[in-house]
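In what follows, a structure is listed as structure tokens, so that the remarks can point back to it.
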Amino acid sequence: MKTIYSTFQEAVKDIKDHSTIMVGGFGLVGIPENLILALVESEVKHLTVISNNCGVDDWGLGLLLKNKQIDKMIGSYVGENKEFERQVLAGELEVELTPQGTLAERIRAGGAGIPAFYSPAGVGTPIAEGKEVRTFNGKDYLLQTGLKADFSLVRAEYGDHAGNLIYNKTARNFNPEIATAGEVTIAEVENLVDIGEMDPDRIHTPGIYVQGLVEGNQEKRIERLTIKKQA
Amino acid sequence: MKTIYSTFQEAVKDIKDHSTIMVGGFGLVGIPENLILALVESEVKHLTVISNNCGVDDWGLGLLLKNKQIDKMIGSYVGENKEFERQVLAGELEVELTPQGTLAERIRAGGAGIPAFYSPAGVGTPIAEGKEVRTFNGKDYLLQTGLKADFSLVRAEYGDHAGNLIYNKTARNFNPEIATAGEVTIAEVENLVDIGEMDPDRIHTPGIYVQGLVEGNQEKRIERLTIKKQA
Amino acid sequence: MAANLDKATVREKIAKRAEQEIESGYYVNLGIGMPTMVANYIQDDKQVVLQSENGLLGIGRSPYESEVDPDLINAGKETVTASKGAAYCSSAESFAMVRGEHLDLAILGGMEGAQNGDLANWMIPGKMIKGMGGAMDIVHGAKKVVIIMDHVNKHGDPKILKECRLPLTGQGVVDRIITDRAVIDVEPKGLVLVDVLEGWTVEEVVESTEAELVVSDRLLQQSN
Amino acid sequence: MAANLDKATVREKIAKRAEQEIESGYYVNLGIGMPTMVANYIQDDKQVVLQSENGLLGIGRSPYESEVDPDLINAGKETVTASKGAAYCSSAESFAMVRGEHLDLAILGGMEGAQNGDLANWMIPGKMIKGMGGAMDIVHGAKKVVIIMDHVNKHGDPKILKECRLPLTGQGVVDRIITDRAVIDVEPKGLVLVDVLEGWTVEEVVESTEAELVVSDRLLQQSN
């Protein structure tokens, strides 16, 4: 029923210059790494990217950055990336910082048809500038708007031909919300399975949100390997 | 780790007169039927009840109604209940009707610390009376507030000692949102399992939202049995 | 004037016409009552996912007696099955789908429709208020909202009006009205009569409609 | 004045003191950096669930080499394990937990704290802005917010101020400040010195604090 792409290049071919894209992942975990590589190859430019982080210098969204394909970045933490800093200071890259939970909720709202909501995060801080402040039950809140994208790129462990997705552990993170907020949502899945193979009670993203899927292996780079020595 | 009650009576003993309670379920599916029976027995009075429906005349929340324990009902559809009609017309029961999706979102907002949000449902209808109307991107929306309760009563298929819950099929409905919005949330579970028996990736309600659990069998009455004759 | 068809036949006729609104690949919400019947007429070659706002994406057929699960119902509270590839979700998630405009089509019943796209289908003042259920959310969510209803009420009075008299379910939300007599689109210029059902003439439809009807070019050509 | 302890020892001292804030049964969010260290000192007899805002309720110990799963990290992006009874969730759900005040306690790092409970811990003007991550949400969510930091900066200047000079993370959000020298509560009447850590005197703490400190009755009694 859904479009199944045979290559990652094909999966991103409709993403044009000046598109707004949302990309799942927290750090390098749960990012659609092959879709990002295909975007780098596509040379599409002037992207607005909505994602919690912006990868590292040589992986994930950092590759798009290095290739100067991003005009604007909306995220909560962009600190793992020297090229990011250089481009911002040089005025080549616009940044909109949003508190992480507010970012997640803005994306959920975008996908859920909620144009705006009130959140306490950021009251009295620089991010409150230009935002409406309103008091409910004696506490101040900021008006935050929903976010949508032309394309949402997500990564799941399992996807089926009906578009249903199941994520693995903390690779879930922003992916379920981002899947809901794209005009077109493309899922990079590690395992593409037949319809009927998923227990309908354990699906994280119902297929209605997903327009296309592509299967592929992932490298899954680890940013901060922390291990306990065997006693 | 969580309080495990050995009887349903014990589970509801802290619910006092004039409490606001939220009760999971859609129709008679997914209702915490034994907790409701215990509430009837407790004779607690002047309740404000937030639930999508109000049961039927002889089952579910209808029993609380019949016993005149409810002062006010917030729900979206209360049409299966003659006693409900009688009490409303007699001025014994106050009703606040909220569109079903708006009700679900208001409960989610209450549990998620969002005091208010904008929703399109009800613009230009009787439910817009007294509500702020605001235009975003050329479309009108109503300001809706989050809902919370003193006690939330939910029903799940599985619960563990850490409070994690898994629901069955359409018995999920309002239960996950209601579980988040109670000052105290009590889960009636069909199967109480040990910590570690649930796959952390398939938990619907993380244990943080649940304060107490009680195990019991359910009658599970069917409102509209519709069957296909075997050919 | 068309022969007096019995009520069941009229409902079947409307449901079959409404089925034509459904395209393969669509996600569809069918309202309680007559709209639910539309599912019985969906052609086998169409791949359609039916959404039930109580938390089921992918309603299947009614269960055989041995399959009945009391935990599995549709929004009309009837026992159902889940289709292959179905997903369950919570009520908030279900209405996030609806409100976020992820459904292609909703087919709902109507008491009154107006020429500006207003719909009334939930409340008759003076009668007991049962509640709006999910209708007020659904009319604002689906990409296309189709109303199906009898063309006139039991007294023979029009149900398609210049303005709704009953309290509204939604303002300017209807895209198309399908009745036992006609198919009418709500457009910026007003109501456009796009089809007349078997047994009725354009004149009879216009006469039994309070709102102004613009007859579509296609229909005009047919009648020439 | 206290002996010059090396940096690691000071951090350990603060982390151990912060551990005393955690009660059995608590759900706790530990910030990135020094707060994460607090987990190493949680006493075995306390049942504590650590929340990681990237979608894990129930952080376990670090993995053995054979257990490393690249899909399983904490908010500091370190590989972790999940504890028994853990649950994964999405980012929106994770922050719903936070914002909805379901966490009992958050322990976060600080650059500056002020006597009205203001906190600055995310941005130094003129330096590269890395982003606030989840801190701005967490300070408004947890039932109790404890800040841990050095009492003075590397130049020896106070970090507990009359007013924060750095851009804020949150306004009036801090409940308690724990440093290498003292434990200070934010109360309506101002900052209350409730404890002085080993090696320091009340006078030394007051002297190295820009904000006014009210010495708690308990401390006064001790020094009498």
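A, B, C and D are the chain letters, set down in written order, and residue numbers restart from 1 in every chain.
The definition used in the following text is that contacts are C-beta pairs under 8 Å (C-beta built on N, C-alpha and C of every residue); 3 or more make two chains touch, one makes a residue touch a chain.
Note that this is a predicted model, so its numbers are computed, not measured.
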Joint neighbours of chain C and chain A, given as chain labels
B
More contacting C-beta pairs: B-C or B-D? The answer is B-C
From chain B, the most remote chain by mean C-alpha position:
D
Hey, how far is the Cα centre of chain A from the one of chain B, in Å?
33
Indicate the whole-number Å distance between the mean C-alpha point of chain C and the mean C-alpha point of chain D.
56
Gap in Å, rounded to a whole number, between the CA centres of chain C and chain B
29
Chain B to chain D: how many Å between their CA centres?
36
Touching two or more other chains in chain D are residues 82, 88-89, 95-96, 98-99, 140-141
Listed in rising order, chain B residues that touch 2 or more other chains are 105, 108, 112-114, 119-120, 167-169, 172, 200-201
Chains touch in the following pairs A-B, A-C, A-D, B-C, B-D
Interface with chain A, chain C side, in the complex: residues 25, 27, 47, 49, 51, 57-58, 82, 84-89, 93, 95-103, 140-141
Which part of chain A faces chain D closely enough to touch in the complex?
26-30, 52, 75-79, 85, 88-89, 95, 97, 99-105, 107-108, 119-127, 157, 167-177, 204, 220-230
Could you please specify the touching residues of chain B with respect to chain A in the complex?
105, 109, 112-120, 134, 136-137, 139, 141, 145, 166-169, 172, 199-202
Spell out the residues on chain D that touch chain A in their complex, using ranges where they run on.
52-56, 61-65, 68-80, 82, 88-92, 94-96, 98-99, 118, 123, 128-138, 140-141, 167-172
Touching residues on chain B, where the partner in the complex is chain D
1, 108, 110-114, 160-162, 164, 180, 195-196, 198, 200-201, 203, 206-209
